[in-house]
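One chain, chain A, appears in both complexes that follow, with chain B as partner in the first and chain C in the second.
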Partner chain A sequence: MAILGTALNAVGLLFLTHAVYSTHEHTATFAHTPLPLDITIELLTSILILSAGIVITSPELRPIKWAQWAGKMQRQGRKGEGKWTREGEEILSEGDSFAFLGLDSGIGGGGEGRRGFWDVRAKRKEYAEWVKAGGK
Partner chain B sequence: MVAANLLSPPPQISPQTALQLSQKAPLILSQSPTPSLPWPLSLLFSRETPETWTIHENLLLSALRTGDDTSARQILDRMTSRFGASNERIIALRGIYEEALAKDDKELTRVLDGYGKVLEVDPTNTLVRKRGIAVQKSLGRTQDAITSLKVLLENSPTDVEAWAELSDMYAANGAWGQAIYCLEEVLLVMPNAWTAHAQVATLHYLSAPSSLHSLSMALRHFARSVELNESYLRGYYGLKLVAQKLIPLLSESTAVAKKNAEEDDIPPPKLQSVKKLEELATGKLAEIVRQYGSGKKGWAAFDEAEVIATKELLDRDGRVER
Partner chain C sequence: MNEERELAIHPIVQSSVQHNTQVVSNIRNLTASLFGVAAGTLGLESYPGFIFYLVGTLIVSALIFAARTEGKPGVYFYRPFGDLWGGEVFGGLSGFVLTWTLFYGLVRA
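Right after this comes the complex of A and B.
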């Protein structure tokens, strides 16, 4: 789909440029005659092709309804969109925007929410015990 | 699903993931994001992006978690030279580093005193205030932590993170009323947070698992949470559990319920609608279990333990649809 969209965009741009150039040349040469029909047709066709290409290459639409948007996120989780930072970390799609409240891991749970209150000693201890137990 | 991502770490980090995360330290430390050129040129040839420092911060935390203190020190030095030693965030991160290296409670108390001194100079430094509360909690001084949190919340009553933390502390001590109140404050600021609704419902359910009033409050909040998120496993699980408990209560005590309705400001739900909600939850839970079990790609993000627990709940009910 992406290749088709890019091809349509390229062709459309080419025709558009050509139509505009032809118009310029025509008006420069015959200042007082109307524009020939083929230039008009080329211009309109190029705009149609370009519009189709832009629509096809646009990213996937997100659900408008809150519940559907949240549900989709819950089902699919976060996934990469094919972009990486300079450090080699993949940029993921958006996730649960309320995860920072840390309310999904139970009372006194060990989630990563509420970063301001991150208990570094408990996490260190948990890790050290995991290593002691064989690291599996 | 991408497990070890430093830019957006998962909501639950197992020791294994923490190890994977902190093993990225040499790679990231080998390339410097800040240029060594003098000022006007450094603006042109800067290699840093908005994500750079998020990654550094997450790397610092995972390095501290796995005991890689030398890398942590290097990252911290790099961030300090970039943002300055008096930056609020840097002060807090340095505090975390000192906390991690503290060998016993005595040294940790010294870190806590250091936070006190920082707060004397700048009482508005919320990040350091939160660190102090975290240390108090880590030292087992829960009452002190609660008092400090109350001071913090008196000064910034829209800090939802702090309200959630206070609610968690109260709940851990069994003070259900206060815990529910705190989470209702969270809901005032973020009425769309489905996790907060589910947590309020859970607290209502835990506070009095057999009283009609708290069960119907739990039902209401669970229903709201699934209204906000159509695939919220925890919401549907709670909805089914609460509805199962409510149905016998409602059917045997119709007369009592009417009397209670005058005392409570909200009347209990109708038996019929509770039954309908239970059916809805059962259907949705069965769908989630089925789709997750068949390994469909768009349904892979559920927690496996949660799905197993759901399966057990459905099996207990004896109405599992396969």
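Right after this comes the complex of A and C.
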């Protein structure tokens, strides 16, 4: 399906470029005369092919009803390039948009960065082990 | 009240709604500038240009309806009429006018 869409886009772009170029040549040669029918047809066909290609290459839609969506998840598994919450919902936002600043571990790596999520259970386990080890 | 009860029985996945809106908006923006190229090259002026755009968006909606929703828009859109057939029609209008005037000036004038 992706190959078909790309092929449609390529063919459509080729026709569109040719049609626009032909129109330019036509108006440069015979100004103020109506456009020949073949150029018009080529232009409209290329537009149609291109929009079909754009629609086909667009990502698949997702069902919005919870039951259908969950059923689809069950059947196909959590495919997709994005991140997912533990409940299986996809995270659409980009996340931390200032990650490039490298402040996650604090300025200079001092461990003072902001934390979005703090894993309480892991920390509790760590603490219990520390107590078990004698608090050293 | 009825709608509220309906939503309680059949909850809606917000991230899917967001994704679908984004996909439709992307398609609209891309095709709108394409229709602008065609309208400018054809040398359309005034109302015929806007009618051309509306007809084009209708064709694109039909393409989405046929190729992306498999004829069941109710599965993918909460309000199929507003979100699929009328969704983002005016959002793409500025892109349309941009390429329309550009190609009219380049090719026709």
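By our rule, the second predicted complex is superposed on the first by the 71 of 136 C-alpha atoms of A that agree within 3 Å, B and C clash if a C-alpha of one lies under 4 Å from a C-alpha of the other, contacts with A are read in each partner's own complex, and residues count from 1 in each chain.
Everything below uses one rule, namely that contacts are C-beta pairs under 8 Å (C-beta built on N, C-alpha and C of every residue); 3 or more make two chains touch, one makes a residue touch a chain.
Being a predicted model, the structure only gives us computed values, none of them experimental.
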Of chain B and chain C, the chain that contacts the larger number of chain A residues: B
First, second, both or neither for A:Val131, with chain B first and chain C second: first
Partner chain in contact with A:Arg75 - chain B first, chain C second, else both or neither: first
Partner chain in contact with A:Trp66 - chain B first, chain C second, else both or neither: both
Partner chain in contact with A:Ala122 - chain B first, chain C second, else both or neither: first
Chain B versus chain C as contact partner of A:Pro36, first or second or both or neither: neither
Common interface positions of chain A, toward chain B and toward chain C: 66-68, 89-92
Footprint of chain B on chain A - complex, ascending: 66-68, 70-72, 74-80, 85-92, 95-96, 98-105, 107-108, 110-124, 126-128, 130-131, 135
Residue ranges of chain A in contact with chain C within the complex: 16, 19-20, 23-24, 27, 35, 40, 43-44, 47-48, 50-52, 54-56, 58-69, 89-92
Interfacial residue positions of chain B with respect to chain A in the complex: 1-2, 5-13, 15-16, 18-19, 24, 27-28, 31, 33, 47, 49, 51-52, 55, 61, 64-67, 96, 99-100, 102, 108, 126-127, 130-131, 133-134, 137-138, 160-162, 164-165, 168, 171-172, 183, 186, 190, 192-196, 198-199, 227-234, 298-302
Partner chain A, residues of chain C touching it in the complex: 10-20, 23, 26-27, 30-31, 34-35, 37-38, 41-43, 56, 59-60, 63-64, 67-69, 75-78, 103, 106-108
